[in-house]
Amino acid sequence: MKRPSLLGAAWLVLKKDWQIEWRTRARLTAIIFFSLATLLLFSFAMGPDIVTLRAHAPGYLWLGLLFASVLSLGESFRVEAENQALTGLVLTPVEPRAIFIGKVLGNASLLFVLSLVLLPVAVALYDVDLGRDPLSLVLVLFLGCVGISAPGTVYSAISANARARDVMLPLLLFPVLVPLLLAAVSATKFTLQPDPQEQLGSWLKLLTAFDLIYLSVGFLLFPKVAEED
Amino acid sequence: MALALEALDISKRFGARWALSRLSFTLEAGRSLLLTGHNGSGKTTLLRLIATASFPTAGVLKVMGYHSQDEREALRPLVGLVSHASFHYEDLSAAQNLTLTAKFLGVEQPASVVTGLLDRMGLVARADSPVRQFSAGMRKRLAIARLLMRAPKVALLDEPFGELDPAGIAQMEGLIQELQRQGTSVVLATHLVEQGQRLTHERLHLEGGRKVTPV
Amino acid sequence: MTPILPLVVLALVVAAIVGHVAVPAVRPWAWKAVGALGAAMLVSLWYFGLYWAPPEQFMSDVGRILYVHVPHVWMALLAFTLNVGCAVAYLMKKSWVTDALAESAAEVGVYFGAVGVMMGSIWARPTWGVWWDWDPRLISTTVMLLAYVGYLALRSFTEDPERRATWSAAAAILSYVSLPIVWFSVRWWNSLHQVQSNPSTVDKPMVAVLRWGAVTMLCFLFVFIVKRYEIARSRQTAAMELPPLEAPRAEVA
């Protein structure tokens, strides 16, 4: 019997998450419609002025994703808390760090799919121009989704077992995500609108730095959180 | 003779309550232990400590010679736990759950091993239904299948007869004896004292988290 | 101010607090002495800050809030640094001492931070005409405050002491790591909006009063943390003692 390596185990965790997502498609659909409703509500709240809506579209898009991420992250560890499945994985034994990598990628891929679904909706509601720099836009979305998932995975592993978990997760997660929100909104804006001062590059760097920092901190912290003392 | 279990003055606290208090005992490798006591007497807590799902607040617990906390990585492949918390993913099928474990363990030809185990536990007909639709007895069978795949040196069974039908109980007894023949130490927590004593060599009775002589 | 000075102050405060924790002999009187010193310095700070120091060049008398506002924010930062130090120490080697110290530092830090942000907002109103401004320092402090309110909420929502200690240590590290990133991102974001405003250069007597204020607040920080630590420890020890070897009679019967 040859046990899988760290990355091999992470891949198995990721595939398992995808399997669960696929078997519970209804839940995924619900999250998609939740964020659609959020985007729609923003446009109601701001009124029908298309110029304002277009200017603020990146902000609405990321707020929609952020709210949806609280639901999907919470769900991702509710699945693990049921029957103490996460403990089962640790005892199998699977290295907690492999679980972290797998779960981050699982959460990030789900959010990324969601963000791609939201793009055409943003076109319909806010009349944004996706054709200006589509590759950078997809890159920004990807980096942003990884950035939400890296601290989000650690925090939802904590809050899944805490009392009042539905309040705990956003309370812990949102302050940490402030720089990510600023960077992602600004970067998205410069892929949708003219970027005369060429600021996109520096925001992309900030996003990448955020991802790398939180991936490494999470990688170190997650084993402490995943195991009971 | 090597020791399967060695508890040196272990205690476990949850919040302000002591679930286990100053417990010391040993069990020789290959011998089996019956764990008795009322609900809430600490049986499940002790099993979770041995399985390294949790660690003693104070004292030292050694399983197969390994320190249960400091050497948990080396220890984990050697112990298997079947408990009320079944460790299954509710949304995956029985076969998917077992295949996942098989791949993590690095079992060769996981598909045939999984089919064999499901067949043995009488779950083949429902292999592709999600665990969410399973009855309590079927969940228990699935958990046993997982334990068999791990082939542990120390098998921890928490109320294994609980939700099973008479045929299942007979099969369970057979499985326990088979594990014992392979040299596995079985730690059996059950309310069925007579049945348990027939299957094991020693008995540990807990009351309020303490070791007491059964009356 | 040289960048090394805050580190020296941090080291001194940590040494003082650790000394207070480690040496039982000083416990009855040291905090009283430091507290009395703090009170005396506070009284003289009123005089120095309100009369002795010259009015600030552009902001006139409103600028005098600087002498308490800035030290409060500094103290919050200091307390959170102490907190994250304890969190790292706890994760490396479990100890109820570092857990209790982390808890007290975080709570005292939230107090200083909250008062500091409120004073910042009061200052912003007559200066910039708004209660709120995208000043990177104000925003970073507020975000930091929110993160640590979450930290305290997590602590109060977790009953099991071991889990509370481990989880909150992880949360503390994640929050603290975000501080520099928040600061840089807000500053960057802000520079695009061209509303960056800076208090003008501070002259010598003002620096002196500012430092006087900082030392005053340091005294209070010390007293608050060591007293809060004693409360945290006494709560812990109630639950920490091992159960007796033999069961009490009532338990058997």
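To keep things simple, chains are lettered A, B and C as they appear, and every chain counts its residues starting from 1.
Methods note: a residue touches a chain if its C-beta (ideal position, glycine included) is under 8 Å from a C-beta of that chain, and two chains touch if they have at least 3 such contacts.
What you see is a predicted model; the values in this text were computed from it and never measured.
So which chains count as neighbours of both chain A and chain B?
C
Identify the chain whose mean C-alpha position lies nearest to the mean of all protein C-alpha atoms shown.
Per-chain C-alpha centroids ranked by distance to the global centroid put A first.
Let me have the rounded angstrom distance from the C-alpha centre of chain A over to the C-alpha centre of chain B, please.
Using C-alpha averages as centres, the distance is 37 Å.
Find the geometric centre of each of chain A and chain C from their Cα atoms only, then give the gap between the two centres in Å, rounded to an integer.
It comes to 32 Å between the two C-alpha centres.
In whole angstrom, what separates the CA-based centres of chain B and chain C?
48
Where in chain C do residues touch two or more of the other chains?
159, 162 - these are the residues of chain C that touch more than one other chain.
Would you give the residues of chain A that are in contact with at least 2 other chains, written as numbers and ranges?
Residue numbers touching two or more other chains: 228-229.
Could you say which residues in chain B touch two or more other chains, in rising order?
Within chain B, no residue contacts more than one other chain.
Going by the contact rule at the top, pick out the chain C residues touching chain B in the complex.
Interface residues on the chain C side: 159-162, 238-239, 242-245, 247, 251-252.
What does chain C use to touch chain A in their complex?
91, 94, 143-144, 146-147, 149-151, 153-154, 157-159, 162-163, 166-167, 169-171, 173-175, 177-178, 181-182, 184-186, 188-189, 192
Of all residues in chain B, which touch chain C in the complex?
11, 13-16, 18, 21-22, 57-58, 207-210, 212
In the complex, go through chain A and note every residue touching chain C.
For this pair, the touching residues of chain A are 151, 154-155, 158-159, 161-164, 167-168, 171-172, 174-176, 178-179, 182-183, 186, 199, 202, 206, 209-210, 213-214, 217-218, 221, 224-225, 228-229.
Under the touch definition given earlier, write down the residues of chain A that touch chain B in their complex.
Residue positions touching the partner: 1-4, 9, 12, 16, 19-20, 23-24, 79, 82-85, 87-94, 228-229.
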